[in-house]
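The structures come next, written out as structure tokens.
Two complexes, one shared chain (subunit A), two partners (subunit B, subunit C).
Here is the complex of A and B:
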């Protein structure tokens, strides 16, 4: 890509990434949540790859890492849900922490944790799909 | 506001029809984008910012994916000829449409107007801030009352990523 695109991407992608993190962590206070924030975080990485490009070897490494992140994030969500079953009551995905004050950043029990790990899962899943397409194209065309 | 919604939905229908009949695949994709982004405006007008954020972000990412794929493919679509079978299909479509409109008309008289709820669960959800401790009611519903749904959505995405990896990486190795 040209120099204009590269410079603009360098300025923008950090802002997009921070906005995604904000949407994830404030999911229980303001509109948004794990899904929207996760897609934003994945979008910032996709923007970088589209603008700068990179060789297949590095991309392949990133792909395995994002795949591992995705699997472990959804495993942690399941573990959190099972802990809820044993900690209090007999309900799967039970909200067992203290709620705290409604409207504070640290409140709502387990909901922020679920938001963070679902955000990780969504971000790495989308990034994995994108990287799989890019690597496939590069490998097949050569 | 309902008139504005009707105009936007008309735009969406036109965009969808154009994307079906466009000769170039790229312009078909951009017409698909009209549908998605009009849906964002609809959600904002109906006061659902959570859905609007998810829709605008997912629409942009999928559009990027599809443009990247279309640019590497043939772009031209194969032409189809109109046969006798097409007329049968059109007839069946018209009949189904008439039945749907009729049943929708009879059902809408029994329902409450948009925005007023009488079911028991909806009342429970609206008092949800005390029960979940989350100020954003939608997140409270998603991760507490409807936790299984969220888990299912995350599992669907996980399965999609695994499927893409399985299909693409095997072919890449051969």
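Here is the complex of A and C:
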């Protein structure tokens, strides 16, 4: 890619990443949440890969990592939900933290935690899919 | 037990995501974990069946209580019918995992195989447990998306094509189901199945309801591969790795296709004559045409796949006939006999069709071919495969004392008592056709004089594969016991009762 694209992407991807994090952490207050924010976070990584390119070996390593992150994130969501069976209302997915004040960032009990880990899961899943396509294409062309 | 219902979803889901992380570092972890998870679930459901006295367990996810008798959270409902399906899913799943130990060795990426299998089982368990319509859709998608990937697991040309075809038709089905669910939500302003049933019974707008019912029959009909919608099944079920074919044919089309039709049209919608007739006609078409199409097949797994369509026709006929008799104020005993026949054939089909696909896998494992013309004289070299497949073939063609005989007998007797003589005659006729193409399979695979001439040295399959086949072969015989009083009350009768009560399902759950 040309220098213009690289510089512009370098400036832009940080903003996209931060916006994704904002959407994830404010999931219980504003529209959007784990999924929408996760897509944005994945988008910032994909922009970087598209602009700067990368060799297959690096991509493979990255794919392994993102795949492990994905599985771990969904496991943590499951564990958070299972903890509900032992705390508070004793039911799966029960909201067992204090709710706090409506409209504050730290409120809504366990929901923000779900949002954060679902955001992680979606971001790494989309990244894994993208990387799988890139690796496949590079291997076929070779 | 009350709080353990959710484990049917948590355990396979948790195992599915533990496998790709820990399986990387510890060899054989994936096999041990999926086997233990399914063994645990089998014990759990058997424990419920033998001690629970068929009580209906309602699990409120996240502890959301109903407000003024209107359910606001997701309900999981474990009653006789769900327990019946859970038993099939988890026990067949357990045997299939055991079989896969040896069979999957030739594939790479075993971790992903067990991950997807656990995911598919989590989805199916969710579908049969949930009492919420949108939740049913979500679990259905989990199960079918995992199955799309599993069909393409060999990533050869045929597998990818079959998987693509399956995805396109499955996508259309999902779209129709989602459309039906959203129309229903628009009409009733609720998603809980019991509540929908309650609201619909007070509304007079029957045209919208009829439209929704047609859309849902089409959607679930595609998922269950009923005859006008069956195009994907022969490709998908014959291209998948054999344990997966066994899972798809034995369990998946029942859990997400037939089960959903049964549950929605018995317990949620009020039964109408038109819908009952449509379901019966679709069942008859599947039974007859599926059987006729199977005769001409020379690819062993394609033959079995067409035979699945035909046998599921029997199940649907039993169910549809039950509805017809109920709506025309016929004898309730006859209706319950027809439904019992259908459900009995459902569990029988899960066992013998699962076994036949495992046999096909064993033959493919030993000889490397699926073409019946290239086999021959395998009976001497593969005694276990030969004898178990004989048992399954006899069962599926309805030879006494195997289980298939009793379920077909129940359906035929119910058809005669309900004065559906044409259906009874067709059921007998298709049973003979079934015998014909299974004799063809037996003859060309095992007893032909022309010996198999491939390069591979034919010998019996490894222990884990043989073990699963033997267990299922014995089950073909043992399941006949389900028809006798004393054992019938444990597994079959509670499931039939749930359906015979029709819309009382709703009052039981929302407590009105």
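Methods note: the second predicted complex is superposed on the first by the 141 of 142 C-alpha atoms of A that agree within 3 Å, B and C clash if a C-alpha of one lies under 4 Å from a C-alpha of the other, contacts with A are read in each partner's own complex, and residues count from 1 in each chain.
Assume a contact is a pair of C-beta atoms (placed from the backbone, for glycine too) under 8 Å apart; a residue touches a chain by one contact, two chains touch by 3 or more.
Because the structure is predicted, anything quoted here is derived from the model rather than measured.
Under the clash rule set out above, the superposition-derived model of subunit A with subunit B and subunit C shows the two partners fitting side by side. In the superposition on chain A, contact is made by A:82 with subunit C only, not with subunit B.
Among subunit B and subunit C, the chain that touches a larger number of residues in subunit A is B. By the touch criterion defined above, A:35 reaches subunit B but does not reach subunit C. Once chain A of one complex is fitted onto chain A of the other, the partner contacts of A:74 extend to both subunit B and subunit C.
Superposition on the common chain places the nearest Cα atoms of subunit B and subunit C 5 Å from each other. Once the two complexes are overlaid on chain A, the subunit A residues touched by subunit B in the first and by subunit C in the second are 67, 71, 74, 78, 81, 92-93, 95. Subunit A contributes residues 67-68, 71-72, 74-75, 78, 81-82, 84-85, 88-95 to its touches with subunit C in the complex.
Listing the residues of subunit B that touch subunit A in their complex gives 49-50, 52-54, 57-58, 60-61, 64-65, 68-69, 72, 129-130, 132-136, 138-140, 142-144, 147-148, 150-151, 153-155, 157-158, 160-161, 164-165, 168-169, 171-172.
Against subunit B, in their complex, subunit A makes its touches with residues 23, 27-33, 35-36, 39-40, 42-43, 46, 50, 67, 70-71, 74, 77-78, 81, 92-93, 95, 99-100, 102-103, 107-111, 114-115, 118, 121-122, 125-126, 128-130, 132-133, 135-137, 139-140.
Those residues of subunit C lying in contact with subunit A across their complex are 3, 6, 10, 13-14, 17-18, 20-21, 24, 59-63.
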